[in-house]
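Look for chain A in each of the two complexes below; its partner is chain B in the first and chain C in the second.
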Partner chain A sequence: MAKKLLLPLVRGSWGVARGPVDGLALSRTIAGTEFACRSCSTATIPSLTSTLYPSRHAVLQGTRHLSTTAARRASDNDGRVTVWFTDRDGDVQTVRAKLGDNLLEVAREYDIDLEGACDGTLSCSTCHLVVHPEWFPKISDPITEEEEDMLDLAYGLTDTSRLGCQVVVTEDLDGLKLTIPMATLDAREA
Partner chain B sequence: MLPFCRNPLRAVKEFRVLASVPSRGKASLTPEQMEMIRSGPSLSEFIQTAPLTPDHLKRKKGERLRLPPWLKTDIPVGREFHRLRRDLRGLGLTTVCEEAKCPNIGECWGGGEGRPATATIMVMGDQCTRGCRFCSVKTARSPPPLDPAEPVNTGMAVAKWGVDYIVITSVDRDDVEDMGADHFARTVEEIKKRNPVVLVEGLTPDFQGRKDCIARVARSGLEVYAHNIETVRELHWLVRDPRAGYRQSLEVLEHAKQVNPDLVTKSSIMLGCGETDEQVLQTLNDLRKSGVDCVTLGQYMQPTKQHLKVKEYVPPEKFKFWEDVGERLGFAYTASGPLVRSSYKAGEFYIKNIVEKRSGRRETSHHSNLSST
Partner chain C sequence: MLLTVACCRFASSTASSTGPLRVCVIGSGPAGFYTAHQLVKRIDDVHVDILDKFPVPFGLVRFGVAPDHPEIKNCINQFTVLARKEQCRFIGNVGLGQDVGLAQLRPHYHAVVLAYGAEEDKELGIPGEDTPGVYSARSFVGWYNGLPEHRQLDPDLSGEVGVVIGHGNVALDVARMLLTPVSRLKTTDMCTHAIEALARSRVKQVRLVGRRGPLQVAFTIKELREMTKLPHCSTLIDPSYFHSIKSLLSELPRPRRRITELMLSVAENRGDKRPAGGKEWGLSFLRSPVEIVSSPTTGRLDSLRLEINKLQGTWDSAKVVPTGEFEDMECDLAIRSIGYKTVRVGRDVPCDPVTGIVPNVAGRVLDRNKSYIRGLYCSGWVKTGPVGVILTTMNKAYETAEVIQEDFRSGTLPEPERGDILEKLNNELGVDTVSFSDWENIDRHEVREGEKKGKPREKIVDLTQMMDIVHKSR
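Moving on, here comes the complex of A and B:
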């Protein structure tokens, strides 16, 4: 069971770390800004020390940083990538999502408030997620007609909406940003 | 570690002597010590159940609420329970009790105290075409076709149980041409055919608001037409399937009454999804304005991990408060309690009401209130 580090939620910041604790979450919460390694352009640097000293991180990563075109995998440490969920209260939760899980399973693992009434069988729209426009094209699972039919019913439908149960976590989705939609009273007068 | 030896028990004894631990061959306490233990405090005096504070009842971010003591029920056991289950399986019938994981299943199916065992049969299969966030009934895009033998089988089961009040409910079947209205109505007719005296309550889906479907069921011979509004208007987007609707559900109840004014109409609200008191009051008012006679209020309980988390466990005193509100608003009957569900003890309440009316006693102020609203 992944350890949960309960840090005070700060609205607008990058929120609470869930899952295996690493320096990433700590550094973000403490400093409140995003750290990147310029060599490997990874948005996350896995240790507090390396965060404060990016060049040290490059050295530690060794040969991988010698060439900027060298393949680096964000999931190398633990077979997981980082995914950001903005929940219905507007709070952002960072999680390490396991490669191969679909987003509904990821939400369930981290107790995020995303429901899956039909258990991922494309029969409802309860796992409706709004994908950040920048990330929408990076999802390799194509939208099927069935998914579109279900999405059509959902509240708060956008051009970058997906059903969480249909999106599988891959390497390319490291840093994926999602919002769990909520509706207002007038969303549908029925 | 003990060295290897041929008699391990003896080795243990010797070890205990070495370690100054008393051997357990006979009691090592003096009679005085034993008396002191016997007459002294017991374990339960050291365990203190902390009183429930509001912190324990309202969910905070990242927390999971624990079930409060008033919601704990017994595991269903007993001959009646198993007999009922055998009957149901034998006839290929489904119940909402099982599919929606009702906490009262043991109590209703077990019967007792002059109360016959009863269940709320769910017709049209166990797969619903809608996915509501509060309901654990299976959801499928195209469930298997309707079983044509189901109305007859249901009639047979109900006749066999010898109940005088039965609730029939169903899943949503948006895939069927008439949403299953005819199937539902025929089930009611089959029950009545075998036992004209049994009181039937139909807890129907919204049939997408289609008036012809609602009318078909409203005229099928049932006494009570129930349709659950489930939650306040403001939370409909979260709690119910998008195809359901607040206004739509009110219209179902209105139309049923219009088609058959002799019907008793009934609805239910779940508390604990995050609604405010004002919203609940508004919903009760709207139900009363739509001519609804009976209302029930119960605590929402998360059926599985896939479903909506409970926002708040509403204490029994609050449920009593809503019962009083219901009475004051003029409902013929308000059933309100954490474990109360739409069909919970439905027969007893209804029959009690009828009996009292017939004997001339005006314990409920239903009629006088109706004339004033």
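Moving on, here comes the complex of A and C:
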């Protein structure tokens, strides 16, 4: 059977609004509760007043709409970049992931439903994530033979699958989109 | 299109007006713990009791995972976090069927989850199976991993040639323990009595015999790769088994293709390096043992009589057909590793006589008439059969937790009629139960003893000794 891109079966899609406020508003859609950006603080950008809604502030950073000064990096003020997780129910959670953390650590920080049974030691495949095809080539951590071996056991394996514990958050991954695959057997189970 | 689905599995489920949802999970291995973990996550007001027949928790994570695979045991960290939560209570030293019956437990809970795994090993059913020198992998693994009932196995390792029957990860574990330099084993949590025995072992060659071919091996690639890298040990795989397979490679699903390619490359390169040290392991395919032959003088194991097989059908549904041709394989040690089966734990626990599985649909247990038994569920190997790694069990546990949540929401769970099970166990039934903090005392003791020897822990293999530690630290 030729390799196929098995798109994960999720109820959501990648079509979440990309507009500056909606798309990057740091909100959890769980039970309708919203919370604002955890790590932004208006104090870090003296030019913005404290009356600004925090999420808009984050948006301004994230979408690089700060035009007056020299171009800033997405992580300039808090050492973090934006990562999107779509969970098994199709809910999208946008988080500010700390540079240098691996994706399993990011998931744990934000209580995202991603298991890491072996605590990131390449001994299981429970932190399996499907990376959006556009983002897959931007991950600089190469897939080692050991990671491939563990991916062999993962459910819903795709051509853009990675183990979360092996991918470290970098500047280039600002806007990274990931899906937590359904934990069911698929046809590839040998 | 902004996704604002609010009503998903994270929406809280509140308990009935009579108090929290009370669940009893029987078995504290991965199946039990992952089910409990999911219940605590999904349901706001829940209390889960996790029972185990041993004073020590974690099931096969403690007693099954190989000593040189400590990372796989990391899941214990998450189990520990869960066990320390208010909503969760470990109750050890209680055996279902031995100390308390299912009918006695059920009235105390809204739901009971059977998660006690598969304790017995499958037998070959051939003449000579109880010949001295033949062991089950279950008891061999139990021996080196500290399962109390197997601590005195004292396997005879005085001969050079060992055969392991089976092509799964357990078979590889057994072969690896027999061939790994003892210096490496000394710093693992393998029981000292086993390390000492392996230090005296004369076993130098281990052959894994399986009834099917290369495309049907059940072990996984990481474990196979590990075997090919054993120090001072060569890997012998006959390339002729792969002639007809080469052309199929590109059609195989990725995991199967990669592991077959690895075997093939090892088979084709075997002439290149023969490391000094003289140890060797290899795979024999298409061989079924039909008789275990003992020496007429000593009565000990002498050889295996093997029937040669051929396969019919496609690789993923290959049927084993005996050819009527035989060969003999001389050996000094034989370890049978052909799978496990679930034990029947009481008349009131439904159990399929053939498969050993508790009859169920998605984890809801069925009675003899195939109707659902309200409030009775199963998880792990009793649910699916004894196959699969921790990941598989974890996924299946999620499914069971999901159906319990569904049933809870739809009001189909029976209301408990009785109070706290601990009172019944301790006062009425006289069971000396063990709490999680009692286990933590045992744990601290094991770690301390291990430190003295440069090991992560020295497991206590005697149940009385375990209970002594529990009593002394109360």
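Quick note on the criterion: the second predicted complex is superposed on the first by the 111 of 190 C-alpha atoms of A that agree within 3 Å, B and C clash if a C-alpha of one lies under 4 Å from a C-alpha of the other, contacts with A are read in each partner's own complex, and residues count from 1 in each chain.
Keep this in mind: contacts are C-beta pairs under 8 Å (C-beta built on N, C-alpha and C of every residue); 3 or more make two chains touch, one makes a residue touch a chain.
These numbers were taken from a predicted model, which means no experiment stands behind them.
Chemist: Please determine whether it is chain B or chain C that touches the greater number of chain A residues.
Modeler: Greater contact footprint in residues on chain A: C.
Chemist: Kindly classify A:Cys118 by the partners it touches after superposition: chain B alone (first), chain C alone (second), both, or neither?
Modeler: both
Chemist: Could you say whether A:Glu148 touches chain B, chain C, both of them, or neither, answering first, second, both or neither?
Modeler: Second partner only.
Chemist: After superposition on the shared chain, which partner residues are touched by A:Thr126: those of chain B (first), chain C (second), both, or neither?
Modeler: After superposition on chain A, A:Thr126 lies in contact with both partners, chain B and chain C.
Chemist: Of the two partner chains, chain B (first) and chain C (second), which one does A:Asp78 touch, if any: first, second, both, or neither?
Modeler: A:Asp78 contacts neither chain B nor chain C.
Chemist: Determine, under the contact definition given at the top, whether A:Arg108 touches first (chain B), second (chain C), both, or neither.
Modeler: In the superposition, A:Arg108 touches chain B alone.
Chemist: Once chain A of both complexes is superposed, is A:Gly90 in touch with chain B (first), chain C (second), both, or neither?
Modeler: In the superposed model, A:Gly90 contacts chain C only, not chain B.
Chemist: In the superposed view, which residues of chain A touch chain B and also chain C?
Modeler: On chain A, the residues that contact chain B in one structure and chain C in the other are 16, 89, 91, 115, 117-119, 121-126, 146, 153-155, 183, 187-190.
Chemist: Touching chain A in the complex: which residues of chain B?
Modeler: 61-62, 64, 129-133, 135, 138-141, 233-234, 236-238, 241-248, 305-309
Chemist: Please give the residue numbers of chain A that touch chain B in the complex, ascending.
Modeler: 4, 6, 9, 16, 89, 91, 108, 111, 113, 115-119, 121-126, 146, 153-155, 182-183, 185, 187-190
Chemist: Okay, in this complex, where on chain C does chain A touch?
Modeler: Against chain A, the touching part of chain C is residues 1-6, 8-12, 69, 71-72, 74-75, 77-78, 220-222, 225, 251-256, 258-259, 316, 389-391, 394-395, 398.
Chemist: Which positions of chain A touch chain C when the two form their complex?
Modeler: Chain A reaches chain C through residues 1, 3, 11-13, 15-17, 22, 29-32, 89-92, 115, 117-119, 121-126, 145-146, 148-150, 152-155, 157, 183-184, 187-190.
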